[in-house]
Amino acid sequence: MDIDVFAHGIVAGSLYALVAVSFNILYRPTNVFNFAQGELVMLGAMIFASLTSLAGMPWFVAFAATLLAVGCIGLVEERIAVAPILARSQTGTGWVITTLATSLIISNLVGRFWGPDPILVKPPALLSMDSLDIASSRISSYEIALVLLTVVLVAIVERVYRTLKGKAVMAVAEDREAALLRGIDPGSLGRWSFFLGAAFAAMTGVLAAPILYASTSLGPDLLLKGFAAAAVGSIGNNRGALIAGYVIGVTEAVGASLLSPGYQEAVIFMVVLAVLLLKPEGLFGSPNARTV
Amino acid sequence: MKATVSLPLLSASNVDAGYGHVRVLENVSIDVRQGRIVVLVGRNGAGKSTLLRALSGLNRPTSGKVTFDGSDITTAPPNAIVKAGLLHVAEGRRLFRRQSVADNIELGRYGLRLTEQDHHWRVECIHQLFPILREKMELPAGSLSGGQQQMLAIAQAMMREPKLLMLDEPSLGLAPVLVDQVLAAILTLRAQRVAILLVEQMVERALEIADDAYVMQNGRVITSGPAAEIAAGAALHAAFMGEHGAPHHSEARQGRP
Amino acid sequence: MLRAVVPYVAQAAALGAALALPAFVGANSYALFVATQLGIYVIAAIGLNLLAGYAGQVSLGHAAFVAIGAYSVALLTVDHHWPFWAAAVVGMVLAAGLGVLAALPAFRLNTWYFAFITLAFALVFEKMIVEWRWLTKGFAGVVGVPPPSAFGHEFGPRPLYYTVVAVTVVAFILVRNIVHSRFGRAFVAVRDVEPAALAIGASPQRTKLTAFVISAALAGVAGAFFAVQKTVVTPDDFTADFSIFFLLTVVLGGLGTPWGPIIGALVFFLIPELLAGLQSWRMLIYGGLLLGLMLFAPHGLYGALRQAWRRFAPAPPKAGAAADASEAREHPPIAGLALDISGLRKQFGGVLALDGVDLSVPAGSCCAIVGPNGSGKTTLLNLASGYYVPDAGSVKIGGVEALGSSAQKIAARGVGRTFQTPRLIADLTALDNVMLGAYTRERAGLLATALRLPSARAEARRLRQEALGFLHFVGVADRADVEAGEIPHGQQRLIEIARAMMGGARLILLDEPAAGLSMSELERLERLIMRICGLGATIVIVEHHLDLVANVASDVTVLDRGTVLAAGKPAMVFNDERVMRAYMGERALKAGVPA
């Protein structure tokens, strides 16, 4: 197999893993799988593109501003579209429809504001998108940095879950009422998780922009591939998401090179179906404990 | 009741509470004073657990008033009630089974600002009281035995140095020797001026260590008083074994299917 | 009276308006075109409502199933000159079949997996239409789909319109029949209270699958008509927006309400016509509407109308159902099943819940299991009824090993149970909750039910009478038409027992039936248990209320920390010193029992 195909699979897979991690951040305390997550990634890419390419803001300033802005949008989503539904019923799935509605609203507003044309985003200083010919693969310094950064980010997120706040999030995920009795406020953790999950999604968008360009079509695509990585890697498991991201990315690249690029989605879909059929809880999860 | 020396630490008056359409508690009033062990007894379904849930804010009372340590907590959210020093160890322990014992203990102090030193000191106190936990710190809580889980649940609450600890059926499923340990721990806590509100099915054992007792039936308090008096009285039996008396009497009705 | 008549008047008016329309507009008019299209969308929306509203499975890819139907008809009629009708059937079957293949893994998982997978399926399918140019002709699409014909006559716009109206009416009636049958009740049970679905022997996976197959098939039919009406089928017709459109239609009209899809589609068709200038804002409006409706009107326009109507014409006190079951009925004897448990062991993490428990309950007897909280009583019931899988031991029901069977299989063998907290379906009436119990007994298949064949109708009528009889048996027949969520706790328990009996239970497991009952309710329960036992059923009762146990049980088994402490006749067991100690403590033994 062509090592180039493999390398690009890993690069794309890193992005999918990041989306999956952003899903997980949000999912852990709330049990909500945000259907607007793809649009939050897209929004991150668009805001960042405008701030740097059009407004000429320095890279790091634009980066921070983007994360903050999209984090706040995530918070607004939680307040308007998720919290009222969960207040009605903790177990219902009305949020599937409301978060989907949020995604429609965001995608449409962004489309009107920015138009359909993709915006080129340059990588930060010292890195470039020019291919380096290393070992017969055409990969850029930015892409190498992205792959490494993804591993570091997953490690950082896992580290955050080792803090007391992180443990509290896991506690809420396991038994919401028991968490209440330990003085933990699930509502506040839910809001934080939406803020951070949205900011993480925005960061994914910023990181994806130099490779995929910033455009409104980014959303649905990354939503589904992020979901694929999260489901295959077991929902809530970030290390699983990283590996599953690679699996999805490489499968997609190989599938596209063997068949045709049009088959990318179909190949991923088949992989997800096969995994869920054989191991419903994903590759890196254990079946849920007793529920009664 | 004897004349109160000071204001009770916890005072619930005329509390009604329930789930959805179902009203479980009717006009329940109880007092718990500092450093006392108060036991709630009554049959399953009498409303004991519901009362604890109402006091800790899980089931907000539909009417009545609850004050704790001088402030009204009737409509306070559970986390605020915990912060005020009223801790509730729920029935079935409700630990975070997938997290380690150490993490569970650490979660007990969630939201408290403690110095590293204080934290270690409190964990040390817990280890003194429940030495077995020291050996299990890195294991998942779900792998502990029932008795160890109960100790861990109490340990979690101790991390906050509560003013009042509510324990719902701490002897649930425990071997006798472990029940002794748990009851001994409760006495130790009282010695540290912690008030205890205990729901316990081992009525006799509970009444032995308690100062005051309330007997509940069908969502109401039917009698209350010093634990020793309650233990000797007939109301307890009526509440516990049924209106018609104890099983001895059922012999007479053996003819029925 | 007014309340009873209104639905019929509304139905007749709607049908009349639909049939009269062509008389007022030209055959080639835009109005007739739009009306035909409306009917096609309603067909798909009715299916989606069954799936998302009743069975609780939100499909975000319904456009793909419509597309399968449309492409099947277009390709088979244009390229292979098939007649429309045969092609439409193929489209319907393909839509259902491909849908099931894609969604199969999702039924075992959380509901939102299904939403994601259907969304992904629609996206993949859209790409594949483009990719498989040799088959689908890519972006150009399939052109010149011929109209359907019958008896040598090609359908013009008017006959096509009438055909669509007819199919819509048929779909509406079929789905309504299904919703009001055991299948519909099982959909709601699986949506709202899965343990209750298991207790009546309904498999959640199969139930969801059934709803999905019907829904996808209806989408396929809608697609077939879509193709002939537009005469051109292109990939652009079936984008994600189209799926969202269907979802919004249903949410707007009212999820899980019979008229929801029709009202939703009607309103939806008026809005774009009125707001033609706002075409580019469409998706934003869709999103805003979806969000607003879910937040402020979860039952849509139909729900809002119904609420307003109820305020306008409040419900009269319901007494009708009670009357026709008022005569006390003799119930046929029940052939009880024996329960034999040996060496049962179950561990949760570090906690040994049951450690080698033996229990033998002869057929037709009433056995009580008592013991302190946490002694493993409920775990024992959950193991016997298949909710948990034991680590070791054997459970024989009627002499047949039940170990390893799923909860719904054990239920189907004649094991009924109640739960510590009654698990009734709050949205269904008491009578429907009891009828739910007959799920595995009903013979009428899906088709017979949907078509309301005489056999299915007779059976439904018979079961309804039987359910009323059981409600009467337990003494709450006067509540038959009240929604279970509004019935007091004590009566909910009795209804749950009636549901177990309705299921033909020959072994009934009662989990703390007396908890939280008042004195008078307790006496009713006691009499009821003795009467059921008198009919011959085997009863295993887990209970704290020793008076009740002493009165109804012929044998008592005392559990303590997962092992059997004592077993035998109540009088003997309750006088056992160890039992007294476990229950009352030492001093009670010494002091004796005050009268």
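To keep things simple, chains are lettered A, B and C as they appear, and every chain counts its residues starting from 1.
As a working rule, a residue touches a chain if its C-beta (ideal position, glycine included) is under 8 Å from a C-beta of that chain, and two chains touch if they have at least 3 such contacts.
Given the structure is predicted, the values throughout are model-derived calculations rather than measurements.
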item: Most remote chain, CA-based centroid, reference being chain B; value: A
item: Chain closest to the middle [Cα centroid of all protein chains]; value: C
item: Between the pairs A-B and A-C, the one where more C-beta pairs touch; value: A-C
item: Distance between the centres, which are taken as Cα means, of chain C and chain B, whole angstrom; value: 40
item: Centre-of-Cα separation between chain B and chain A, whole angstrom; value: 44
item: Centroid distance [mean C-alpha coordinates] between chain C and chain A, Å; value: 35
item: Multi-partner residues of chain B (each touching 2 or more other chains); value: 97, 142
item: Per-residue multi-chain contacts in chain C, two or more chains; value: 348
item: Contacting residues of chain C [partner chain B, same complex]; value: 348-353, 366, 372-376, 485-486, 488-489, 512, 514-519, 530, 533-534, 544-548, 550-552, 554, 561-562, 569-571, 574-575, 584-588, 591, 593-595
item: Chain A residues touching chain B - in the complex, by the definition given at the top; value: 164, 167-168, 170-171, 174-175, 177-185, 289
item: Contact footprint of chain A on chain C as seen in their complex; value: 56, 58, 60, 102, 104-106, 108-109, 111-113, 115-117, 119-121, 123-124, 127-128, 130-131, 195, 240, 244, 247, 251, 280-281, 283-284, 286-291, 294-295, 298, 348, 382, 387-388
item: For the chain B and chain A complex, residues of the former touching the latter; value: 56-58, 77-79, 82-83, 87-90, 94-99, 103, 106-111, 142, 156, 160
item: In the complex with chain C, residue positions of chain A that touch it; value: 33, 35, 80-81, 84-85, 88, 93-94, 96-98, 100-105, 107-109, 112, 220, 224, 227-228, 231, 260, 262-263, 265-266, 269, 272-273, 276-277, 280, 290, 292
